[in-house]
Every structure is written in C-alpha cells, then in structure tokens.
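Step one of this worksheet: look at the structure below.
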Amino acid sequence: MSSHDNETPGATHAHIAPISTLMGTFIALLVLTVVTVVVRSIDLGSMNIMIAMMIATIKAGLVAAYFMHLAYDGGFIRVAFFASIIFMGLFLGFALLDTSEYQDTIQWHETLKAKVPTEGSAADHGK
Amino acid sequence: MSTTNYLTCSKGWKSWFLTLDHKRIGVMYLTAVLSSFALGGLFALAVRLELFQPGQQFMDPTTYNRMFTLHGAVMVFLFIIPSIPAAFGNFVLPIMLGAQDVAFPRLNLASFYLWMAGAVFFLVSLLGGGIETGWTFYTPYSTTTADSSVVSALMGVFVLGFSSIFTGMNFIVTIHQMRPKGMTWFKMPLFLWAIYGTALIQVLATPVLGITGLLLIVERVAHIGVFDPALGGDPVLFQHFFWFYSHPAVYIMILPAMGIVSELIAAGSRKEIFGYRFIAFSSIAIAILGFLVWGHHMFTSGQSVAASVVFSALTFTVAIPSAIKVFNWLSTMYKGAIVLNTPMCYGLSFISLFGIGGLTGLFLGTLSVDIHLHDTYFIVAHFHYVMMGSTAVAFMGGLHYWWPKMFGKMYNEALARVCCLFVFIGFNLTFLPQFVLGTRGMPRRYFDYPERFQFLHQLSTIGAVMLFITFFVMFSYLLHSLVRGKPAPMNPWGANTNEWKCSSPPPFNNFDVPPPMENPYDHTNLVFDEKLGGYRAKQVINS
Amino acid sequence: MSNNHHNENDHGGHPSFLAHHFSSPQQQYDAGKLGIWLFLVTEVLFFSGLFCAYAVYRFNHPEIFRYAHFFLDTTMGAINTVVLILSSLTIAWAVRAVQLNQRRLAVGMLVVTLLCAAAFMVIKYIEYTHKFHMGLTWGESFAPSAEALREVLGEAHGEVLEKPANLHLFFSIYFCMTGLHGIHVLAGIGVIIWMIVRTARGDFSSEYFGPVEYTALYWHIVDLVWIFLFPLLYLID
C-alpha cells in the first residue's frame, strides 16, 4: 500500500514515514547528542543536570514522535504512553519526597554511631 | 449452531495443553487457581491450629513463620491475583463482547504457562525449606537475615508478575479492538468495566513488582547494597518499591470481584442495574486512585510525616468510588424481585463483608489510629475481610454463577445455599474475633500469646475449621455435578449479558454471528420456563 | 498467528497471515500495535524502578555521583549513543521499506541495525571488562585498585575530591541499569535476527508488516532508555 488511495479490503492502513523525516530526525538526534556533551563542560551548577535531562527529553520526544510514529498514531496509544510517564513521575515523585524528608534522621543516626565506637562490619560500611 | 461444544470439539491432552481457545485456557486457569486455593488454605489451617492454644502445639516457631509466609504468598500471588481475571475473565470476556477469542490467544496460553512456571518456583522454594520473610519480603530481613530459599520464591513472583501483565495486556487490547459492531463501551457488562480497570493496573503497576523482585534477587545474591542499610542502602526505599505495586495489587484483587457482584446483584434482583455509568466509571476511578495511596502501608516504617499525611488524605478518597458501587447495588435491589439463588446469596454476602472490610480500612487510614493498630490482628482481620470475605466470596459467587455455563451442569442448589451460609458464618467466626484481638494488642505473625487471648484465638480457629469443611463440601458437590448434575439450561439466572445467549457449554466459536447488542441489564424480555429450568426470551411464545 | 487446532469454519478467502479470530487485517494490525505499545508501557515502568533508585540516591548523595562518574569513559558512552541512534534510524527505515514492498532494502536495513546492536554490545563488553579489571564492581565486592584511583584523580585535573562513603552504590546502580538495558539489547538482537529471516523469505509485504513494525517499536524504546542513561551515568558534573 503505497498511498492511502487504493483502499482494498485486505490492505492495512498505517503511516509511512518519508525519508526526509527519518533523516531529519536522525540528524537532529546527532546534533543534540553533541550539544549535550559540549554543554556538560560548561559549569552551570545544578542547572547542568536540568539541561542534560531537557535535552534527553527532547531527543526521546523526537524518537517517539517520528521513529515510533507517535505523531501520527493518536488515540489510546498516545494516552497509554503518556500514562506510563505520568505514573513513573508519580513513583519517583513520592519516593523522592519521602526519602529526602528522613535523611536527617539517618545523619543523626550516623553521628551517633560515630560517637559510640562500634566494632565489626557496621563501622566499616558506615564511613 | 453445531451440537459439539468447546469441551467436546477436540480430544487428547494436546488439545488442552496446546489450546489457544480462551475458554479452555480459562478452565485450566480455574483448575490451577483452585488447587492453589486449597494449598494456601491448608497452610492457613495449619497456622490456625497452631494458634489454638498458647505455646507450641505441633510446629516450632520457624516452621510457623514459614507456614504463614507460604499461606500469604500462595494466596496472593498464585490464587487471588490471577483468580477472577485469568479464570473467569478469560472464559467470559470474549463471549460477553460477542467476539470469538481474545486478541492474542498465544500470549494467553503463554500467560498460563508462566503461571505454571511461577508455581513451580514456589514449590521449589517450599521443598528448599520454605520462606519465613512474610509475603512482603521486607529488607534487610529478606536480603541478609532470612536463611531460606528466598531467591526461588522471588523468581516465582517475577514470573507470575509477567503472567499477570500478559493477561492484562490481552484484555485491554481485546476490549479496545475486538468489540463487534454495536458493542459500544456503554453496552459492555459491568464485569468487563471492572476487568478493564484491573487490566490497567496490571499493566501499569506489575512491572514495578518485576523490577523490585529482580533488585531483591540481585541484592541477595550479589549484595549490591541498594536496599541494605549495612551497605549504605535504604530499606524504606524497598517498601516504596514493593507497595507501589502491592497496593494497586489490592485493587487487582478487589475490582474484578466488584465486577462479578454487579452481575450477580443485577441478575438476582430481576431489575436493571441502578447507576450503570457510575459503577462503570467508579471502576476506573478506583484503578487510578489505587496508585496514589501506597504509603499508607508505611506509616510506622520510618516514612516521613509529610508523606504519611499526604498518603493518609489520599487513602480516604478511595472510599468514594467504593461507596458509589455499594450504594448502587443496594439501589438495584430496592423494589427488585429478588431471587435468592446461590449466586445472589454470595452477592449479598459480599456486600455485607465488604462493608466491614472497607470501613475498617478507614480506621487504618487514619494516622493516629494506625499507629495503635499497625501490625496487629486488626490489620489481619481487615485485609481478610477484603481479600477473602470480599474477593474469595465473589469468586465463589462467580464460580456458582458461571459453573452451568462453563460445564453445562447444574449443581445441588439447596446444598450450595447452605454452604454459602456456612462460608458466611465460618468466615465471620474466624475474623471478627481478630478485630477484637487486634484492638487489645495482639500483634500479627506472633507464634505465641498470653492466656487472656486464648478464647478469641479459639473462636477464630473453630471458624477456620468450619470454613475448611464447608469448602470441602463445596468442591465435592461441584465435582459431583460434573458427573451427575442435571444439564444446565442456556440461561439459568435470567441475565441478559451475551454469555447467556449461547448454549451451555458454549460452542467452540462462541457465536457464528455476533448476538444482537442490547442493554445487558434489561431483563424485561426474559421469562422463566419450568420445562427448561431456566429463562428464555418472551417473543418465542408469541411467534 | 496460524489457526492450527480446529477444523471447523475455515475462513476461506482470508489471507494466510490473518488469524481466525480477527475479522480484517486492519483489526489484526491495530490489535498488535496496541499490544506492543502496552508492552512498551510496561517496559517504561519496569525501568522506572531503576530510575527511581538512581534519583533517590543522586538527590540525597550527590557527592557519590560527582566522584564516581570520573570512572566512566564519556567517549565510549557517546559512541554507543551514536551507534544506537543510527540503529534506530535504520530499523525505522526498514519498516518503511517493508511497507513499500522493498524487500532487499528492508533486509539490508535490518542487517545494519543488527550490526549496530552488536557493536553496542562489544563496546559495552570492553567497558565492563575494564571495570572488572579495576575492581570497580557493585556493592560488597567493590574494591577499586590503586591504578583505578590514580586514573581518576588524573582525569579530574588536579581537582581533589574526598572519597565519599558508600561509593559502591553508584556502581551498583550503574551495573543494574546498564545490565538490564544490555539484556534488552540482547533480546532485541534475537528478535531482529528472526525478522531478518522472515523478511528474507518473503513473509511480509505492504499488506502485512506488523511484526517488523512491532520489533522496531521495541528497538526504539531500547534506544529511548539509553538516551536517558547516557547523560545520567556518563555526563555528571
């Protein structure tokens, strides 16, 4: 099925990616890879990780949209894919919220351990 | 329609073990989950008998720990999670839609064999000395302290997770893509809405169980330290991993049960279901809200106050869609012509037991109360009211409801109703005393207890024995019906969903021509026919 | 999906690739596509566990990651990124070729994809053996050799960093993430070989190309995961 015009009953309709789109996506991905490596050497403090993740997300978006045809396949597939990302965010978000809240308890415990000399493996692994 | 049905259309072991027919896979799953139910039940009975008196009766504390762990693990992973979706869902989903099969029959069979592989891993673990970590595998106990075959049990959990994922994927695709013309979303029976919600959870949550199991295996074998505090790891993080799956898994267990009950109540009330769309959407709401509450298992685990408050608040929202369902079932029965057949009895049993199970859940969701009740028998009683009193009772209801359709035989109705009553009494006798035990401070999973708890423990054990005997009688009359049962009519309960529009048992292809897609809960056109012993359409008289 | 176990109702006139329970090739294709996408959803959530562990430890112990990343070879990681991006292009092109009945082109593109996948694994192998050699392994077995430490401090351009506690956690996470990703690449290699065989013997055409597209979708998600792993593991600063 080379075009959408000949609608034979046995045929399957699906988007065919033009070569220009494929090559364009490929080149964009290569450029972004170079950018992310170069940006790394510029020290922007905590912004570095943000920028790196933003570039990675753009790259992932390009792969999903054009290589995986998500730009053309709408409907439930798109909902499902975004749902997976949302639930992943939920998982990471709650875990981060909680673990970062009780770090001071761990610190406090570590200092206690440092004050009271303990024997054996616990001390070795502690610090 | 041909005279052969799916049971008789081909013979030989290969026609069963290599079958791609959703009905045969459903029957194989049914056999498998009922066997695990029996096995898990035996472990439970051993635990209860050991607790009949304080002190050691007939097993030492380590064996006792292994018994309750195996009871939990077998019941959760081998029985409840696959029970309703994989056995009944497989059997009725395509027929209810009017389709010929699920979307991926081979994946369906693969899912069954993954279940078998998981069961084998569990057996290996049992023979290798059992596990004593509790079904939750909390670290660092499961990674360093426990001296038993944890790895093979975890392999079992991993493989069973994939079995569950395959079932869920299959059902979502089937419901999206395999509905015949005329079967719109809002003509689907409510059981399918529930199965759909369940499948969403299976697909979105179970992979996290897979990675948790893998990490735990690697942790135990190679000591990577991610969950091990001795190596700088975070054991509370493990609980986040575990409950991100295992709380939604509670809804994998209860949602299909709610779906069955919608069918049972509608058919038994001889009335159109009340609030169809509310029940349908509440299934999806439960599926989504179920993801937001996992932290309520960790109120006393060292979870931060901030997270606990958020999780506690979110926990209460789950009560809303659950209550919507219960109120709609009650409204369905209101002014209905209630027929107290066996399935309906189980439906009523479900509503009262789920009421208790659900409401006690609110006590536990309250932070201050949970600090007091956490890890006591109150929790044990609460989740048994939900898992067993609700899910297992609905499973039994579904079993009695679809049994005539699956095997074409009627069981002894009077005996079945008596058994339903005894399940109800035996269950309450087992678990009501546990609420009291819990509030008085009896911790869960303890091998021994002070004298003053003895009376309540003995009531509980008597209830457990009663349940055991009742289930034995139930399986006996069900098996007996296969040989001696009266042939089942096409529609013994007068339901209007599509599975009652093909013969009992259904033919291989379900339907040569898809049935007319009507309102699945419109019972006005069905009349009881003494000669058939079941219901038939009214028009036949006129024509 | 062949219909091999029942003999009634042979759907005469249906193409051989159409399974009996589907009413049209379009339904079969759409069902398969939704199925593979749901599988990809499970893959995302499967990896999310590892990303979660990474995020939690990186957020709470940034010093471990700052120190440990000097042990990783950015060049190797960058080469692997380019290799995987190239393989993503070629497999997407293979799908296009199958859709247009260009069988030889499709086989060629799939073979290039396979070679890229193999190259990725070879580079990964070199990296792994280098790490094992230096004692840079996971958890309890973590014991960096003097040579490894010298190499790191040299690369840090005189920047003196105190060795943080629990440095091994980074390598535990590194090996879990890249290891699980590597297993997915190996699985992909297996499926791509199967697709090459099936394409070469002419199973696919413009009317039936689902399996190639599903394989490609899987391969893209393997690439997607790596796109995130690369900055997270190799580009920490």
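By written order: A, B and C. Residues from 1 in each chain.
One rule holds in what follows: a residue touches a chain if its C-beta (ideal position, glycine included) is under 8 Å from a C-beta of that chain, and two chains touch if they have at least 3 such contacts.
These figures come from a predicted structure and were not determined experimentally.
Undergrad: Please list the single chain whose C-alpha centre lies closest to the global protein C-alpha centre.
TA: Going by the distance between chain centres and the overall C-alpha centre, it is B.
Undergrad: Give the chain pair, either A-B or A-C, that is connected by more C-beta contacts.
TA: Answer by contact count: A-C.
Undergrad: Quick one: chain A and chain B, Cα centre-to-centre, how many Å?
TA: Chain A and chain B have C-alpha centres separated by 35 Å.
Undergrad: Can you work out the whole-Å distance between the CA centroids of chain A and chain C?
TA: Here the centre of chain C sits 14 Å away from the centre of chain A.
Undergrad: Which positions in chain B touch two or more other chains at once?
TA: Residues 176, 204, 208, 231-232, 234, 237, 240.
Undergrad: Two-or-more-chain contact residues of chain A, please, as numbers and ranges.
TA: Expected reply: 76, 83-84, 87, 91, 95, 99, 125.
Undergrad: Would you please write down the residue numbers of chain C that are in contact with two or more other chains?
TA: Only 34, 38, 41, 44-45, 48-49, 52, 56, 165-166 qualify.
Undergrad: Using the touch definition from the top, list the residues of chain A that touch chain C in their complex.
TA: Per the stated touch rule, the residues are 1-2, 9-14, 16-17, 19, 22-23, 25-26, 29-30, 33, 36-37, 40-41, 43, 48-49, 52-53, 55-56, 59-60, 63-64, 66-68, 73, 76-77, 80-81, 83-85, 87-88, 91-92, 95-96, 99-100, 103, 125-127.
Undergrad: Name, in rising order, each residue of chain C that touches chain B in their complex.
TA: Against chain B, chain C makes touches at 1, 5-6, 8-9, 19-21, 27, 30-31, 34-35, 38-39, 41-50, 52-53, 56-57, 138-141, 165-166, 168-169, 172-173, 175-176, 180.
Undergrad: Write out the stretch or stretches of chain C touching chain A in their complex.
TA: So the residues of chain C in touch with chain A come to 15, 24-26, 29, 33-34, 37-38, 40-41, 44-45, 48-49, 51-52, 55-56, 59-60, 74, 78, 81-82, 85-86, 88-89, 92-93, 95-96, 99-101, 165-166, 206-210, 213, 216-217, 220-221, 223-224, 227-228, 230-232, 235-237.
Undergrad: Using the touch rule from the top, collect the residues of chain B that touch chain A in their complex.
TA: 176, 204, 208, 230-232, 234, 236-237, 240, 244, 291-292, 294-295, 302-307, 310
Undergrad: Chain B touches which residues of chain A in the complex?
TA: The touching residues are 76, 83-84, 87, 90-91, 94-95, 97-99, 101-102, 105, 121-122, 125.
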